[in-house]
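After this come two complexes, each holding subunit A, first together with subunit B and then together with subunit C.
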Partner chain A sequence: MKNGRLLTKLQIYLMIIQAQLGLGMLSLPNILEKQVNQDAWISVLVASVLVQMTLVIYWLLLKRFPGCSYHELTQIITGPFLGKTINIVNYAGYMIIGTYTMILLVQLVNDWLLPFTPVWAIALLIIVLSMYLVVQDYAVFARYLVVLSVVLIPVFLLIIIALFQIPLEPRNLRPVGGEGVLSIIRASEGALFAVLGFEILLFIGPYVHMKNSKLLRTFSLANATIALLYIVVVVLCIMVFSPDVLKQVREPVLYMIRSLSFKAVDRIDLLFVFIWLSPMTASIMIYLLIASKSLMGEGKSFQTTVLLSGVIIYIATIFSSYSEEALQLYGQILKYVIYTVVFFFPTMLLLLSYLLKKKKVNT
Partner chain B sequence: MSQGKSEERTLTDNLNQNVQLIQQAFFHTEDLVVESVTFGGEEGQILYIDSLVDKDKVMEFIIRPLKSSKVKNALEALQVSEDKQTGTVHTLVSELLSGSCAFLLEGQETAILASVPVEEKRAIKEPDSEHIISGPHDGFGESMVTNMMLLRKRIKAPSFKMKKYVFGELTDTNVALMYIDEVIDQKVLHHIEEKLDGVHLQDLQTSTGLLEVIQDNTHSPFPQALSTERPDRAASYLLEGKAVLIVDGTPEVLVLPTTFFAFYQSVDDYSMHWLVGSFFRIIRLISFLIAVTLPAMYIAIVSFHPEILPLGLLYSIRTSIEYVPFPPILEALLMQFILEILKEAAIRLPSPIAQTIGIVGGLVIGTAVVEAGLVSNTMIVIIGLTAIASFAAPFNQMAVISRLLGFVSMIAAFLFGLFGIAIILMAIIIHLCKLESFGEPYFAPLAPLRSNEMGDFILRKPNKNGTSPN
Partner chain C sequence: MIKSMFLFLSLMLLTGCWDQENLSDRRLINGISFDLSDDDPNLIQGGVRALNIKSQGGGSIEVKDELLTSEEPTIGEIGHEIKKNLPGRLDVTKTFIIFIGDELAKEGIDPLLETFYRGNLGYMPSKAAIVKGKAIDILSINEEDSPIAFRVLNGIRAAESNTLIPELNLFTIWNKIGDERIDTVLPLLEKTNDKPEVAGLALFDQDKYTGKNLDTEQSTLLLIMRDDLGYIADVFIPYEQNPEKKYRLSIMGLKRELDTKVSKDDSITSTLRLKVKTELNANPLGGSDLKSMAAQAEKVMTKRMEEVVAILQEAHSDPLGIGMDVATKYPEEWKRINWESEYKNVEIQLDVKVDIEKTGGLF
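Now for the complex of A and B:
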């Protein structure tokens, strides 16, 4: 392990936050409102509790196999053959999530910034940029995510301004819990997808060296921060829009920002999209990174994998953006992919490692 | 080549043959002076290169003592501080080239070398490119020894070390690597030494020439070592644990490793109140952002997203660009080019003419170009602001880079609007995160985040490394 490449607590905290932020936040209130009306924010809460549980599973894995990356860990637990199979499935899974994020991002850019620029050009810029970052490997990637935290400042500012400038309707929030527990929990699935990205923690192993309790605390703190931010955003949106409107606008957060008025800037929402582009591309970069990591650990072969995977994502994006069917197919399989890759595999591996009493012996 | 042959050659006991040998090694140059002296009854010859030695010294300390001496040993007769003997032509030649005088005696196979170099020094004065308001006003010169003296006067620690290198087959340039041994990170030092050991150069004239061979990433636009002409700045970096490279013959001294943010810090930050110092640092960093993005932002907004501007402002901009025959990108590029040309023209002229050029170029052309309807008002404002912002960087290297990046982001803005600018900015940040200066991350302390170094990064925190008497 190279000295000086280890991540500090603050770095990990900011990294998780950046990993979870992204495209999902913009349309989250809309997706949830469609299902549970005024109780959308409770679904966010439920989702963050689920994420917390997943984080604990990840943490237990990291704790049991200190210094190990996820792709090594699979092979230690289930043996080389099964382990490699799992890695390949993981690779495919992360690639699918990454591609889907890419499609959504290109769509968003087309909708808000560049209505006439072809998909291939936008996607090309994004994928080239992503490949440029990801070939540098984890250390540089972590540095970059931390620098990106600067984008949180305008978000906080805008939330505060929105609180004071836009007339809010607290009655929209009532009746609290009126939609019933079951449907709230079911709707939390939508919120879950918005906070994805924390899978990057599975690959953090070789780059951390700190007390396990501290690590868990950092994980939880980051998750809590994101939960708080999302709940505030969702509550704001519920109070700003009437339920009917909220069900119709696809990016309510942007529309909310749009209604803020300043003397010198008319459409602050466009500037917000401009700023938000960086966390959104960061999500694609994360999936490109962890997909390549699940196949190849480090070195030259890792870089070739990154480049190849980048090309695959690019091609898949272009194909699906020109055919509705492909896009729908994506949406359908995405859910199962996420459940398998993000939740099922790590949990299964953890259980197996307990059952088989496999553990990394410290050398 | 004769240099290769002369390496193996040694002197004989025949005086005339020896003199011929040396003259041959110098390709019979005419400024190699040969003077005959008799010493203790024997015939001898004194050789030196006319332009490299101090003739008064040769007369006073070599010729006169030799003539009047009663001692038998020539070495004892000479009254110079540095003298030695050599038998090989190669050493003799290189010593003569560095300002020595050789004394050959009939029947001796070795020559006596006495160092009497001519010392031509420029007065120590403040560098033109790095003016400050308050603080010391001395600057480095061309002589390596003087530069080392300026640093030694500031740092009196015995662990302040110097390592000498010689580079360049033709120039034999002396290079001094200086550092404080107890402060510098040994890993960094090792990295630098490793790089320097691997250097092979045909010639070395500038410190930039050396930097280009030893830096980690040659293609990065960002300078990976800070070059300064200010001894106070170099000394303060030495105290922080950096190394300094002094190349003989250039006043620019290299500080390595460096970080991006070091280019936006100035020594006067430390001689002002810490609040004032911090304020100026923030201003400088903002000016970097302005220099890179402002014209691009303008192009993106005018040609892709005019709805960002409120109606009133949009209207006045629209009317100003209504009759301009160029699209905003061409307009911006044109004005930037004119600006760069003006700068290039003014920079090498004596200052009274440069001022005239500035007035004619800036005021006259600026106004006329708008009145003729070639360029819009707003564009003049934008380009003017950008130029001023780029010059706010304390180091010229960074100022140029920020304008260059400004060109890139302008083109991106022209093609992809705000999206293009975002991509360029992200690419710059990724590049900065990736870049390393001699093994140390370039974008520190921001990436990787080092909270303990945050105090002296954007803010200039008050001095706390000592205690007051109370």
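Now for the complex of A and C:
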């Protein structure tokens, strides 16, 4: 393996954080409040526990097949034919999630930042940037995500400012657990979709070389960080908004920031959308990356796949943004896609690898 | 060569932007008024103060504002109508204050403000105020040097820091008028001698003005009961021996505790405990027995607060948030209780403790 290609612990940590952060955070409080009112934050907690379990499954796969990428691993376990089929399904799945994220992102930018700019122009800028970065492969992309972590600072600042500037109503959080355990668990599905993006871990096999226990610790730490951040944001939103209003607002986090005002700066929400663009674009890049990775390994063929996939995402986005039917269709497919690609396949592969006693032999 | 050609072309082609707008093309609206129309009760009379900013060279800017009015059934149509008369694009992004006539406010203010929340351009930190009589009367006052909306805005800010009215903006109002467990209050303005004046607080039941008001002295007491103090809060207490003359106590610290209990037969008792630390700031008769002065203050404040509570219950307005207390502590009972009719029967007990801790520079 070439030097400088391996990922460090910090890079993996920040990579997972950036993968999970993104568009989901802005509308998460609204989605959860609709289902479980004041108990929204418990659903986030449940979701992050589920993510932790999934991360352990991914880690076991990585441990059993060190240095293997996910697309090789499927073929080792289930044979070339089935393995390739799974890879193609994975590719389609990641592409669908990526396109859906892209549609939401373009709409958000169009709604908040650039109302008169046509969709094709916004989408073009985003996709060209994404393709340019993803073509460089993992190592460069990981370094980019490390630099990108600077965007976490404004989030923390704004949370602190909101704590002191906006009148809070802590009574909105009571009664704790009043919605019942079952509905809280059911609602955690919404939160699960907001923390998606950690699938990138399936593909880091060839780029890590560290003790397995350290790897798991890094995974867990990143997941805990995101869970904490999301819980703080959701709790803050519940306290700031009245339940009725929170159910109406599409992006509560932005509305909360919009109500802040200072002598020197107004409408910080617009600045925030602008800053938040980078993590949101990063999630599209991640799906573009892992979609391409699930077909091709490295080198020229990988780069061609990235470019082709980017074009496909771009065309799909232009045709389906602001079309209610297309969005509904996506919403319906998406659920099954996520369950299949993110949870079912890795679990099945892990079980099969134990049953068939398949393991990578270190050479 | 190709690179430089590309750069050159970019320079020529990529200079535009769909979303750019020049300040000189816009007409900033800095105050809006809504009234019931005199001629037709189904119409709303809207008035705006539009700023015309002209640069006069040498860094000096001339600001002139003009009054435009229109009568239409809804807010959206008023805006549309006013656009026709305005030389430039109507811009509500800097609308600092919205005046609402009291007759119109009795029909509900939510439909009037909704458009400011929904649109991307509405300015959330702006203030809203109820006007005794016609709102347009205040908006049409002509000031010598600065637009009238700025004068009123400064008046409202001063009243906020003097604890005459609570600190409010469109965002916090929105979160209260949609919540059936708590009610909002809005500043009440009055035109006296051709000058706008803060006359107290207008009491609301949900989004409807009840027609009942608190004067400025009662407003301060209400805000003390809510633990919602501004920078300075003063109360004036008559001497026991000579009730004509009053001494002034400034509130330094406040401890508030609201304890609501629902008994088995669904009768609600609410106890409000206040511990007030004060500073004696004006003592014209030179009373020296601080203990008895504090006791007198306790007596007077309790009596006046009871009056305020009686007004609130009569008006069916709940700015103290007793409904919120019931709903969060007794969720089961809350579902059963008909709050609309029950609020009048809530027994509100007051327990006020006053301490005079400082006496300024004199003994």
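Going forward, the second predicted complex is superposed on the first by the 362 of 363 C-alpha atoms of A that agree within 3 Å, B and C clash if a C-alpha of one lies under 4 Å from a C-alpha of the other, contacts with A are read in each partner's own complex, and residues count from 1 in each chain.
One rule holds for everything that comes next: contacts are C-beta pairs under 8 Å (C-beta built on N, C-alpha and C of every residue); 3 or more make two chains touch, one makes a residue touch a chain.
Being a predicted model, the structure only gives us computed values, none of them experimental.
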*Taking the superposition as given, does A:125 touch the first partner, subunit B, the second, subunit C, both, or neither?*
first
_Just to be sure I read the superposition right, which of the two partners does A:258 touch: subunit B = first, subunit C = second, or both, or neither?_
second
*Does the superposition put A:281 against subunit B (first), subunit C (second), both, or neither?*
first
*Does subunit B (first) or subunit C (second) touch A:47, or do both, or does neither?*
neither
*Figure out whether A:238 sits in contact with subunit B (first) or subunit C (second), or with both, or with neither.*
neither
*Is A:167 in contact with subunit B, with subunit C, with both, or with neither (first, second, both, neither)?*
second
*Which superposed partner A:117 touches (first subunit B, second subunit C, both, neither)*: both
_Looking at A:175 after the superposition, I want to know if it touches subunit B, subunit C, both of them or none. Which is it: first, second, both, neither?_
second
*asked:* On subunit A, which stretch or stretches are contacted by subunit B in one complex as well as by subunit C in the other?
replied: 113-114, 117, 121, 266-267
_Complex interface listing, subunit C residues touching subunit A_ = 17-19, 93, 120, 123-125, 167, 169-172, 174-176, 178-179, 182, 321, 324-325, 328-329, 331
_subunit A residues touching subunit B - in the complex, by the definition given at the top_ = 7-8, 10-11, 14, 109, 113-114, 117, 121-122, 125-126, 129, 132-133, 136, 139-140, 142-144, 146-148, 263-267, 270-271, 273-275, 277-278, 281
*Provide the residue numbers of subunit B that touch subunit A in the complex, in ascending order.*
304-305, 307-311, 313, 416-423, 425-427, 429-430, 433-434, 441, 443, 446-449, 451
*subunit C-facing residues of subunit A, complex*: 111-118, 121, 166-167, 169, 171-172, 174-175, 178, 240-245, 255, 258-261, 266-267
